[in-house]
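Next up, some structures in structure tokens.
Across the two complexes that follow, subunit A remains constant while its partner is subunit B and subsequently subunit C.
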Partner chain A sequence: MKNTCRFFTRYLFVLLTFLAFPAFCPAEVQTRVHSWEEAVKAARGQTVDWYMWGGSPAVNQYVNGYLATELKKEYGITLRQIPVKDIAEVVSKLVVEKQAGKDSDGSVDLMWINGENFRTCKQQELLYGPFADKLPNQHLVDWANPSVKNDFGTPVEGLESPWGSAQMVMIHDSARTLEPPRSIEALLAWIKTNPGRFTYPAPPDFTGSAFVRHIFYHAAGSVDTWQGEYSQATFTKAAEATYTILRDLKKSLWRQGETYPESPVRMNALFADGEIDFSFSYHQGEASRNILDGLFPTTVRTFVFDEGTIGNTHFVAIPYNAKDTAAAMVVANFLLSPAAQLHKASPQVWGDFPAIAAARLPSPWQENFATLPRGPATLDDAELQAHQLPEPPSKILVELEKGWIEHVLKNR
Partner chain B sequence: MRPQRLFLLLSLLFTVLLPFLPLVLWSISEKWFYPDLLPQAFGPRAWSYVFGTAGDQLVFGLYISFTLALVTTLVSLVLGIPAGRALGLYDFAGKKLISLLLILPIIVPPLSVAMGLHLWFIRLGLAETFIGVVLVHLIFCLPYTIFVLWGVFTDYNPEFEEQARSLGASPVRVLLQVTLPMILPGITVAALFSFLLSWSQYLSTLIIGGGKMLTLPILLFSLMDSGDRPVAAAVSLVFILPAMLALLASAHNLGRHGLQGVR
Partner chain C sequence: MPRLQSSAMPPAGTRRRTSARRLLVLLGPALAIILLLFGGGLLLGLLQALGQVPSQTLSTIGGQHFLHVLQDADFTKSLTLTLYIAITSTVIAACISVVLALGLMRWAANSRAINFLLQIPLTVPHLVIALSVILLLTPSGLFSRLFSYLSIISTPADFPLLVNDGWAIGILIVYVWKEVPFITFMLLSVLKNMGVELLEAGSTLNASRGQRFFYIILPIIAPSLGAACLIVFAFTFGAFEVPYLLGRTYPLALPVWAYKNYSDIDLLARPEGIAIGLIIAAIVILAIISSQLLLHFGRKRGLSI
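Entry: the complex of A and B
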């Protein structure tokens, strides 16, 4: 009896230790990255579970329609879109899976990320690869472009593959505002002479935070300073100036700045309802898309500031414990093919900007991209590219978001 | 029908159905700008998206949501009826503690419950499985089921069962012809609670189901963010309809007074 009892206590103890500390015995998995030929061969018959922000019917349609059909036809891959509200939910899921020691057979095969989420993944070693350099279509990407090489200041190093790019544009209704202010300076003056007719989504909303960064560049008087080494004192000074400008602006905002829209979607709704006179989007084609969908009046147009607006690239990445890595690589490569990029760029489909550089394409394709119909509100590539500013490192982004809440929202 | 009753019925229908009117209008609108009271243009864009592109996802989501809610409801009733009976009819040591433990998952934020369980569910192989999601739904549904049935059994008189037994009824017959008919309205309320709670779970399904269980709320919430009001309205209607049907189907039992005339 005593023996059985002891046996059970010991058994229980072992069981508990095992359950509590499985991290003590993980085999250090060194993932080997497939070569391209291996990947294509292994990919046939695999299913790629692609986790992505599912908030845009246009994107969902492109993914579930065009991409899924083409991938099935050409490579025998089944593409399964998993729409999520915020990809950060998926990143934290991966963090927990890593803690729990689930190092293989993970359910996420591919995810659509950039910026802060990529930085977290890279820091926590949650990514498979580097795989981007193995993809044949990678030579179409201009890796010298600072917004491709660095994702919000974090070097990409082949851990994610570009899918598209975006640039912030200001949105106005040409029927209401004939001459929009074409610089930050002019915009600030316009807001003060037209109180209650402007607002921005409250950071940490992505788009609202981008607006704050434009004010930051304006207050600092420089963009390039932040791409290299800079001192904390320089940053603090520029940040303080940013908060001062935004605090002064508060009483001239919509509802005297007592409240802010929580997302660009709400801001667009306010704009469409005529409550405010400007909206802005971190997507150069969104205004045209909204006109097409009947969400905006047909007189809506976009513009960029003379000093430029911020742009970035969005990517796809493969988690370290993904089940179908080979097929995920093939999908990432297909996303970069001229045909898929052209289809995606059409305003009828999505109107997303290509991640590949037109100059690197064979001439018939260059022609196709050049003659692509753009929506009535979308600026042309040349105009946009001539006015493009890089994102500051995500460290600055986070600091500014925190500082905004502390100094502008709480008014300290 | 007397005029007063007709008026009552109409005003009830009005207050229940009116909030859905904007949803229906949005889902069939093509253009609708301030300050017009009605959409400027109607069109099938939202519904063609729902039945076209998202059709497969939604049908599958409907199926997953429904089976999850059904299994969760059944299990919570099987566990909840005996528990409610014990808590309602008997006094025993630690009863207060048990009721505190039962209500705990409702008080603690669902995010921390689900996050905390996720790690364990991965280790136990329950993450991303049907059973795992049912278990996590039960955490939120079971307290409600038990509390409803606890209340039902507090008013319950077990002497009817003894009487039936003394008249020669078998235990099964007592259960089917005495106990169940008496607590049926309570069971209906508990089942409805459980079904609707499971039906509307978002966070716990997302974390434990990890994308393998693409329920309707997951599809709906990801679209809510889009600002595409017509599409969001159409998906909302698809989401509400089954819940409405569940409510209507159980309304028959709710109206009856199981304990009426007993005392």
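Entry: the complex of A and C
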């Protein structure tokens, strides 16, 4: 309500501005990007207002504790975390600022972003840069990895800098299921021979929707098709095949597919209670954490499909009207430093999957990452990275979610 | 019987008339807040439901989103389900509450403990009860395990489906569980003030139990009962979390449908979400107005309600 009010006053302001200056055009957006040396010099004494989703105590602790201390010590930068419920709020704030012609001294210096929100920002030209290629730590990132190069199908092109990543893993109990099916094909066959022992959260739940995308890749028989230009007809054909597979699967699902868990949390509970034999998570470390928390038995393990599982990278980006662009660049670079990434990857801190490729690190650091304590159920980075599939464009994601509701849930 | 009504509701014609100006001064601050926050929110919601999309300067205002929702084949299904849940839970809760209130009446008149005990469930959020129902009544829940342990059923999976089921039994259980203390509490406060004199008078005149209930107690508790039922109906009709957790994936209760649309990744689904929310509000308001009208005509016809 408050936001909407603010929106209306701004809207009014824009309207008045246009009325007052009929020849008003938006000022030319400042495009020159600092070189790295300039950035480091200018950054000292600046304050970076970092807007980010603030729902995880572990992340908040990492940002306000480790990162803030190190940045102050090393670069004289004050890091201020501004927690938000959804970064989309910040994106719409930027849209309004752009409409109002507020092209400098914006309040947002850095934001934690990916997927749909990045696409909106890129389309509306709300981003500073390309700046990512100016950062020295960028050489640690494997830009050939399709899930880094494209953010949910949108080419990154240096407009955001990677921070970490997540990958879907299947979860099973090795005491119950000795030999889990290691491909989508085998999983579908397993479900049919073991009716009632599998389910997935109903899309548009994030995790359930990711499962449907795996079936989509399987039905389409290709992953790369969707990263470039594809025809609507090809998509429709693949989507139809996806719905057919899932409709056929329904009677073999938990409760004959008459109802689905509403969240991965509920699916995990069903799994832990022995009602179903598999769970899955879009966070490779979640199963281990659940073992530590006593929610899962210690025999629980994770696996990835031979053809790979979908992963995505989360990034930081700088708005076009940010006040402290130099310091924001330094922060983005520091986030990629081996020390910061290692600290972040530690299960006691956050357990986030690193955005840098271990192979590109000097050997002592490789050692550090390799010996990082990971939970009993978490796969090692090399195996995960070798089995990583990119996300399709968000347009496909949305279409599949809608199509699933229409054709699978409602059976039309 | 002004003395009897004094605690439940002010009598229709107050003898000491308050001047309009004084009334305005007294109610002004509260009304202003309600009008601003409630009315303002509704108005902004209505604007967005009519197609006013923030961040898009050019948008057409019109009823297309409402039309789209009303024409959706699922609308009738969702409405039926929501009405079924709201009406059934209200009726069941009301019946249990009346019996409970009558049973507790004598105790409650003297004991503060009963009143205190009744207030405890009022403080527990619906969400907690909904989660308890999941823990207790799902096929992997406590009861099913207990029954299979006692060999009443052979495996936990044989336990009847009470959650995410076709008849919304789980949802009804939560609402009945939660609303019974509320209605009972409302009724007890009236019954406490009624005293026992009228009932004693009734029995000296040879009124049977049933007669005493229908001619003495019911007319006295009716206004409170009606008001409490309305609150319960309005709440259960518009509440989101219980059908979200305990309902089936399809069909959806109206509030869950509204939420799904509002939180859709596609921003264009938002106006429809708000439109559904406003339809919910309209139905509840309509229910309140029509029940008030019914009461009004009832009073005119000389019913002592």
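Going forward, the second predicted complex is superposed on the first by the 292 of 412 C-alpha atoms of A that agree within 3 Å, B and C clash if a C-alpha of one lies under 4 Å from a C-alpha of the other, contacts with A are read in each partner's own complex, and residues count from 1 in each chain.
In this section, a residue touches a chain if its C-beta (ideal position, glycine included) is under 8 Å from a C-beta of that chain, and two chains touch if they have at least 3 such contacts.
Keep in mind the model is a prediction, meaning the values are calculated, not measured.
S.K.: Could you look at A:Glu391 and tell me whether it touches subunit B, subunit C, both or neither (first, second, both, neither)?
M.R.: neither
S.K.: A:Gly274 contacts which: subunit B (first), subunit C (second), both, neither?
M.R.: After superposing on A, A:Gly274 lies in contact with both subunit B and subunit C.
S.K.: Would you check which partner chain A:Gly55 touches, where first means subunit B only, second means subunit C only, and both and neither mean what they say?
M.R.: Only subunit B; A:Gly55 stays clear of subunit C.
S.K.: Taking the superposition on A as described, I'd like to know which of subunit B and subunit C A:Val95 touches: first, second, both or neither.
M.R.: Only subunit C is touched by A:Val95; subunit B is not.
S.K.: Classify the contacts of A:Lys410 with the two partner chains as first (subunit B alone), second (subunit C alone), both, or neither.
M.R.: The answer is second: A:Lys410 touches subunit C but not subunit B.
S.K.: Contacts for A:Ser107 in the overlay, against subunit B (first) and subunit C (second): which applies, first, second, both or neither?
M.R.: first
S.K.: Decide which partner touches more residues of subunit A, taking subunit B and subunit C as the two options.
M.R.: Tallying touched residues of subunit A, the top partner is B.
S.K.: So, A:Glu401: does it touch subunit B (first), subunit C (second), both, or neither?
M.R.: Only subunit C; A:Glu401 stays clear of subunit B.
S.K.: After lining up the shared chain so the two structures overlap, which partner does A:Asp352 touch, if you call subunit B first and subunit C second: first, second, both or neither?
M.R.: After superposition on chain A, A:Asp352 lies in contact with neither partner.
S.K.: Using the touch definition from the top, say if A:Pro204 reaches subunit B (first), subunit C (second), both or neither.
M.R.: second
S.K.: Determine where on subunit A the residues touched by subunit B overlap those touched by subunit C, and list them.
M.R.: Residues common to the subunit A contacts of subunit C and of subunit B are 92, 96, 99, 269, 273-275, listed in rising order.
S.K.: Can you list the residues on subunit A that touch subunit C in the complex?
M.R.: 1, 4, 7, 11, 14, 92, 95-96, 99, 116, 202, 204, 255, 258-260, 262, 269-270, 273-275, 394, 397-398, 401-402, 405, 409-410
S.K.: Which of the residues in subunit C end up touching subunit A in this complex?
M.R.: 37, 40-41, 44, 54-55, 57, 74, 139-140, 157, 161, 164, 166, 244-245, 248-250, 260, 264-266
S.K.: Give every residue of subunit B touching subunit A within the complex, in rising order.
M.R.: By the definition above, subunit B touches subunit A via 29-35, 41, 43, 45, 49, 53-54, 56-57, 115, 118-120, 122-123, 128, 206-207, 210-212, 214, 218-219, 221-229, 231.
S.K.: For subunit A, which residues are in contact with subunit B within the complex?
M.R.: On the subunit A side, the touching residues are 19, 22, 49, 51, 53-57, 60-61, 64-65, 81-85, 89-90, 92-93, 96-97, 99-102, 107-108, 263-266, 268-269, 272-275, 293-295, 297.
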